[in-house]
Amino acid sequence: MKRENAVALRSEIADFMSLEAELVDTRRFEEWLGLFSEDLHYRMPMARNLAHQGIRAGVEYLSEPLDVSWFDEGKETLKTRVAQIRTGVHWAEEPLSRTAHLVTNIRIVDLDGLPDDPTEIQVNSKFLVYRNRNADEEDTLIGRREDHLRRVGGSWQIFRRTVYICQTVLLARNLSFLV
Amino acid sequence: MDIRSLVDIANGTASREIFVEDKIYRRELEQIFARSWLFVGHESQVANKDDFYVSRMGEDSVILTRDRQDKIHVLLNSCRHRGMKLCRYDEGNTRLFSCPYHAWGYSTDGNLVETPGELVGVPGYEKYYHSELQKKEWGLIKAAQMVNYKGTIWATWDPNAASFEDYLGGMRLWLDSALDHRDGREGGSTVLVGVQKWRTNCNWKFPATNFIGDAAHAVSHVSVNLAGINPSGGKGRRDQRASGHAAFGWPDLGHGGLGFLPRSEEEFPREPSFQRYPVVSEYLAEMAAKHKERRKGGTHYQGKGTIFPNMSFHEDQPRTIIVHHPNGPTQTEFWRYYLIDSDAPEEVKDKLRHYYMTYSGPAGMTEQDDLENWTSATQASLGGVARNYPYNYQQGLGHSEVCDLLPGAVWCGETVTEQNQLVWLKRWAEFMEGRNWDELMRRVPIRNDVPFPMKAKEIA
Amino acid sequence: MDIRSLVDIANGTASREIFVEDKIYRRELEQIFARSWLFVGHESQVANKDDFYVSRMGEDSVILTRDRQDKIHVLLNSCRHRGMKLCRYDEGNTRLFSCPYHAWGYSTDGNLVETPGELVGVPGYEKYYHSELQKKEWGLIKAAQMVNYKGTIWATWDPNAASFEDYLGGMRLWLDSALDHRDGREGGSTVLVGVQKWRTNCNWKFPATNFIGDAAHAVSHVSVNLAGINPSGGKGRRDQRASGHAAFGWPDLGHGGLGFLPRSEEEFPREPSFQRYPVVSEYLAEMAAKHKERRKGGTHYQGKGTIFPNMSFHEDQPRTIIVHHPNGPTQTEFWRYYLIDSDAPEEVKDKLRHYYMTYSGPAGMTEQDDLENWTSATQASLGGVARNYPYNYQQGLGHSEVCDLLPGAVWCGETVTEQNQLVWLKRWAEFMEGRNWDELMRRVPIRNDVPFPMKAKEIA
Amino acid sequence: MKRENAVALRSEIADFMSLEAELVDTRRFEEWLGLFSEDLHYRMPMARNLAHQGIRAGVEYLSEPLDVSWFDEGKETLKTRVAQIRTGVHWAEEPLSRTAHLVTNIRIVDLDGLPDDPTEIQVNSKFLVYRNRNADEEDTLIGRREDHLRRVGGSWQIFRRTVYICQTVLLARNLSFLV
Amino acid sequence: MKRENAVALRSEIADFMSLEAELVDTRRFEEWLGLFSEDLHYRMPMARNLAHQGIRAGVEYLSEPLDVSWFDEGKETLKTRVAQIRTGVHWAEEPLSRTAHLVTNIRIVDLDGLPDDPTEIQVNSKFLVYRNRNADEEDTLIGRREDHLRRVGGSWQIFRRTVYICQTVLLARNLSFLV
Amino acid sequence: MDIRSLVDIANGTASREIFVEDKIYRRELEQIFARSWLFVGHESQVANKDDFYVSRMGEDSVILTRDRQDKIHVLLNSCRHRGMKLCRYDEGNTRLFSCPYHAWGYSTDGNLVETPGELVGVPGYEKYYHSELQKKEWGLIKAAQMVNYKGTIWATWDPNAASFEDYLGGMRLWLDSALDHRDGREGGSTVLVGVQKWRTNCNWKFPATNFIGDAAHAVSHVSVNLAGINPSGGKGRRDQRASGHAAFGWPDLGHGGLGFLPRSEEEFPREPSFQRYPVVSEYLAEMAAKHKERRKGGTHYQGKGTIFPNMSFHEDQPRTIIVHHPNGPTQTEFWRYYLIDSDAPEEVKDKLRHYYMTYSGPAGMTEQDDLENWTSATQASLGGVARNYPYNYQQGLGHSEVCDLLPGAVWCGETVTEQNQLVWLKRWAEFMEGRNWDELMRRVPIRNDVPFPMKAKEIA
């Protein structure tokens, strides 16, 4: 990819990621869903403490198809989650959590190797998701994300998201908020 | 500590103190978690020789491991030298646990040691210890008793504890319904790879007494019912259940749950399920047919619930195990396992897995609301004034009757009753009073025993 | 617990233990917060029928609500069933509080219930409870006594507590000076929308005994004085005060503060204020004139301070209320309210609001330094050695005299004195000793009572 | 706005935001003040836990003119705050807190709709402000910010800042540091 | 520097910084080392609580050559640290910590004053480094970084890194992870 | 509290409770930290008149300051008025400590006060205190005894404590080996600017009993040995040591460490070191030669270890001091200082500094693993079951003999032994039992005294 295209693409993708986070943090969940493709694969695998050999072998995060995950689902389930929040009686989110999704270190993978007008890209990033609810409850999830985006018309859609959180024992009471 | 003033079984109330007070909690660690049978893990987690899996019993870390003679052991994960957490991985494979601090080595290799976990390697044993260290006395603390029940591993620290079978009593029939293969074979189930572990600021007795069959709280799941995760499509969160579903409890043992009134295998109705996923639906229908065939003439026992003190399981939708590890008076660390037929087709496993994860665990659309409620109830019970008002467990109080069809169990013909919470609290009080195992198993008469409140006999 | 060894009123010292020790703190929750009159909120926060506002009394969450008969109630915010925090919103409107866990419903609707907070909806009451649950006994815990005093809501859990008027005593005259309209009408004030709530790692007694009139700490506010937030411009943080400002305390009640020596309304000087904001300046001058006119012939009472145990208010600059909710021995949760004439012009309200926020609350340039000091003092008192050295409250010790102009009060003619801290500590000790209300209100003789140290009478 | 202008503007604004945070974290408070216009409106409203209807109605954050806020002030008051710190006897900030303002998800609102050389823009962002002081005291404020910037000569000035923190009960002892 | 070059350089540097963080968080430590020059000076000075005069005098962080630091070393020592982790028996990192380096507020210092194709630049940034290990142990370091980069062929290398953390008393058990 | 049941010196075991239980910890603050000699800092940290440096003694904050008469003082950093942390900077220069809260001023200026830390400035002393405040009684609490030992500052709160020299006993000879100049001059060392302070979730007794000479744990440092930070290049983490290195302990005092068997100065071997840095290597060789020359005819004493209770030092590689401040039962706040010859060339200082930092402190490649181990051991000892199993200190038990060459010391000829841990635990128990100083220093007979387990005399 030409340098100037690369600069523009990075700028555009950062904007997209900021928009995505803003939609979810301002509870525009339905608009947020629109940024994901219908064939979305959304997974948040679980990590284990392994000896260094296991780390080297890349099996720290349980990523086999049949492994249990924190999340491993498609768009329909995400939609159901939004629908549940919208019932107004989903006690884990009623009153609604206040969240802030901080997305940093956004990097398009192998940008040099991409054509000038790519239709699919992989975007890696780091995130800190903060949740505050009720009087004093705070949860913070920190980790990295691998997103796969597809160009759809003038914009982008996420068709695969893999979220690697750093915790093995989840230190939050639940995952009722959207990451 | 006057336990009887804290739990009033006859009147169906319990003090809030037992859910928030540190002194009581510390006594629980001694009287309950150091004595009861506790769920440790699944044999599939240590499938190969020398495999290990680190689990918990109460607040203590333990190592579940399979030795080279294929025997499974449960060892306290703390070096006897100066307390180091010996094994610091969640799982792996070794036959020698070598301590990072001073390299004391404990072996599980039967060729080397008499007792698994024995202390074998002590650097400088001859030179610096002058061969005087009594190595046999300084091996890893082993669970006093250990049982592999259809793949599930249970242990207790108490050598005097009743046998696991006696401890389980009639509840075993229901545990079987979760662990047996869908086609009716004994066992044949396994757990999916990956244990969900998470912390929640609730007292551990909330989940224990919730999963024992708290049908009245179904109303708190209205949101998932509205959003709909019914595996056959449409609203709700589960397939329609067969009739005859009610709460049963074992007042002498502390277990209980919701299950089906026992009936002949042939009479047990089997409606279609998982209709959104034909492959699953067909698999389950086929297995159900085999089950009926295999067990015909027998009685169909099926249920889910809590095994005292802190293991709960579900036999069906979702077929899971959850352990409520105490982690301080107002915190619980949950460990959730997902059960599956070992030899089910991959696609069936995958669809079930997806449904289970959508239902249970911290991201489960049903469990999320439970977790919120338990936390809020715990927190709201901490206040200086709120603490003075007992909880109420009077739903169906005094309406329980012996159920002849289910050995040792009582019921009142309904799913909606707090009978089982009282069953559990009664057992809790018996342990907390410090009763010995003869007393706990009613092998000897007990002074001032508290009977379970049963329905008054009608005078004919 | 030997309370007398902790607080030495005669010598003007108090042990550091009372500011850091958990055992003492837990006794405070029982002896003080479960018995005293506590500030709950303002009627304007529940302006309409069925409005509710969730507040605190000590560590307990409470619901302040107005029923359909326009009566205001204070209810313990914890479900009587299994303790759930019943209302999970900070405010809203409802007449039925339905519990998320099992849907017990409590009503405040007088058409439905005799006692507000009564348990009305119990799912399965007939079927599952067999109509045997004594619903009347399982309603929400209500404050034993509740008072709406010029819009401010107060409550106590103790049915034997003295009446609010007796409890307040002469301090009421000063509270009036904060709550009455600037033009001299009774009441006529309200609170701005929005309560600032924040946590600080200090013992709650620091703010209580600071706001009771700790004039000596004015030096700690030198930075804001230098930077200048004087509403008439220039340096300093307030307008110039009238003369005759001094500390007054009520030794039999535990209240106290800084205020003006009572004098005839006409004699009370009224200097211009808020000159940076002519609209405010003019409004206040006009109201002051009306005040003088309306109350002429009367006595001018005006002051600010702490009402035992944990409510402090200021009548003027800034006109506010602050509640110091205990949140553990070394943490306080502050709730700050801003008072304003209900019918003041918007621009006046806005300018005052801005000045108040600049002065008070966690972003207030004055309060920030107080918060830092209270925290540092609490933390520095935790050390094993530091703990052994008592605090000193000897400023003006033994120089107090009865002030005939202010009923029940003592003073020593100065603003700068620790008389009021001792007044408060004396009352603290009386509650902590477990005195009953007859003793607390001196309706009966008290053995070994500790007198407040007064100036020795000169022999003529 | 043309794509290349958009890319450049995003780049420039991110640089501006980084500079702003750096000035405040390195205690160049007077320079920091220079990035705000004289007609600045600076507000940090307070949040409440409301039922879902309240959230939908957009009244979770108290934003009416007469509502009490954490901050609601103009530039003069901000200057006074700086002056107070500079006295050296402002105990809440003496010794001075060490802060780090992490600003992420910077997004120019409606960038496409803007002219090629806009004079006013709205910039949304997320932030994490960390404060450390004394031996071990840590406070973290997380939330989102809506800034309004005006072009002034070759640079930008902030003329409106609204800060939405996620906490309802502020879990910091005070707000003596600048956000 | 021309505006368009500035935009491109910022974009490139942000990409570099994201890559660096990704390498360390995904435990590609040897590749990570490759982003540092052989003459690297890596320092993390310690902070003290001083009166405002000391802050003004710029001596809050102990930066004299002989002052004790958290780190003050060259590339060889960094390599040794990586080698130690790779032994598999470095108990402080066995099992390995899971880290996330969030780098924000990336700003090239004095960009306008740079030539169009600069060979050395100073890049300031803020960071949050999160570490999770074992069951529930969490450490978070937050602060700012001053990096000096040198162009080497088509890419960049860091030849000086100074890390200013906000804590005076380090609230982490150790610094066995790479920052 | 039955201390003897917690520590069994004769059998070489100690209860885990002493490493995790809050009640025991609080007693430690009283019986140990309020009575022992504690390391406070170094004179170079207050090089100039009016310099101050804020340190800790146990959990208490203290001010180390040098007055205008060049005398050094240790003052409790908490205002006597209402407990405020008086000095809130880590270091600085002043002779008047003015409290932020109410401006009480304490002076160290000998022209103004008799006792440093005296209360001099009390705003309103005449007007508001009526000159009645006994200012002499409300000065800052001073350490009861303070000593400047070759630049290191030590203090105790107990006026009855033994003199520092008696308290140190023979251990002084080793402390000298760290504090004396490499060329053999008395003193002549200083600390580098900058104290590393950090928190770790381990009980403070882990580092205290680790640094007392726990040679068996060397195995835990295999990773740094493999990676290699040997200052002469190659593998390992230190230069090769001279022969005759062994563990020595002072059973009557609680100190101990690893050191060299005393021999004549001329016989002490001096191998090359720091060969990666010729400038250092040459400097050290030159100093060693001078040392040998200066002290010829004398005895060479050299060692490192722990001075009871919580100060550890190393005389050589790396030459450092570390203090293990207790910070709750399961947390320690470490403060690490780096020792250096005051007049060494800058480059030598710089290279040593770099080596020390690479070895020690939270980023030190050696210390990191210790910190991990102490934490893991503390955490794994918290479990309800694990708590019941004592730690083992039997390495070399009963093999100690008196070492005539080192006054008051015992040894068993090895570095690898747990003799010293028992020496320390024995002293811990003596303090914790509440023995008075006559008993602690064996000036009076002690009933039921526990002897240190020595090697049985062989019968000739």
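When the chains are written out, they are named A, B, C, D, E and F in that same order, and each has its own residue count from 1.
Just so we're on the same page, contacts are C-beta pairs under 8 Å (C-beta built on N, C-alpha and C of every residue); 3 or more make two chains touch, one makes a residue touch a chain.
Treat the numbers as computed from the prediction; the structure is a model and nothing was measured.
If you take chain C and chain D together, the chains in touch with both are A, F. When the interfaces A-C and E-F are ranked by C-beta pairs in contact, the top one is E-F. Rounded to whole angstrom, the centroid-to-centroid distance between chain B and chain F, based on C-alpha atoms, equals 49 Å.
Distance from the chain C centre to the chain E centre is 50 Å, each centre being the mean of its Cα atoms.
Chain E has its Cα centroid 26 Å from the Cα centroid of chain A. Across the assembly, chain A contributes 7, 11, 49-51, 88-89, 91, 94-95, 102, 104, 128, 134, 136, 168-169, 171 as residues in contact with two or more other chains.
Shared interface positions of chain F, defined as residues touching 2 or more other chains, are 88-89, 100, 199, 220, 369, 372-373, 376.
Of all possible chain pairs, the ones that touch are A-B, A-C, A-D, A-E, B-C, B-E, B-F, C-D, C-F, D-E, D-F, E-F. Those residues of chain C whose C-beta lies close enough to touch chain F in the complex are 16, 19, 214, 216-217, 219-220, 369, 372-373, 376-386, 389, 391-392, 394-399, 414, 416-417. On the side of chain E, the complex with chain F involves touching residues 44, 46, 48-51, 54, 62, 64-73, 77, 80-81, 83-85, 87-94, 134, 168-176.
Chain E meets chain B in the complex at residues 89, 91, 94-95, 134, 136.
Against chain D, in their complex, chain C makes its touches with residues 88-92, 192-201, 220, 222-224, 226-229, 333, 338, 346, 349-350, 353-354, 357-358, 361-363, 365, 367-369, 371-373, 375-376. By the touch criterion stated above, chain B contacts chain F in their complex at residues 26, 29-30, 33-34, 57-61, 76-86, 88, 100-103, 123-124, 127-130, 132-133, 138, 141, 157.
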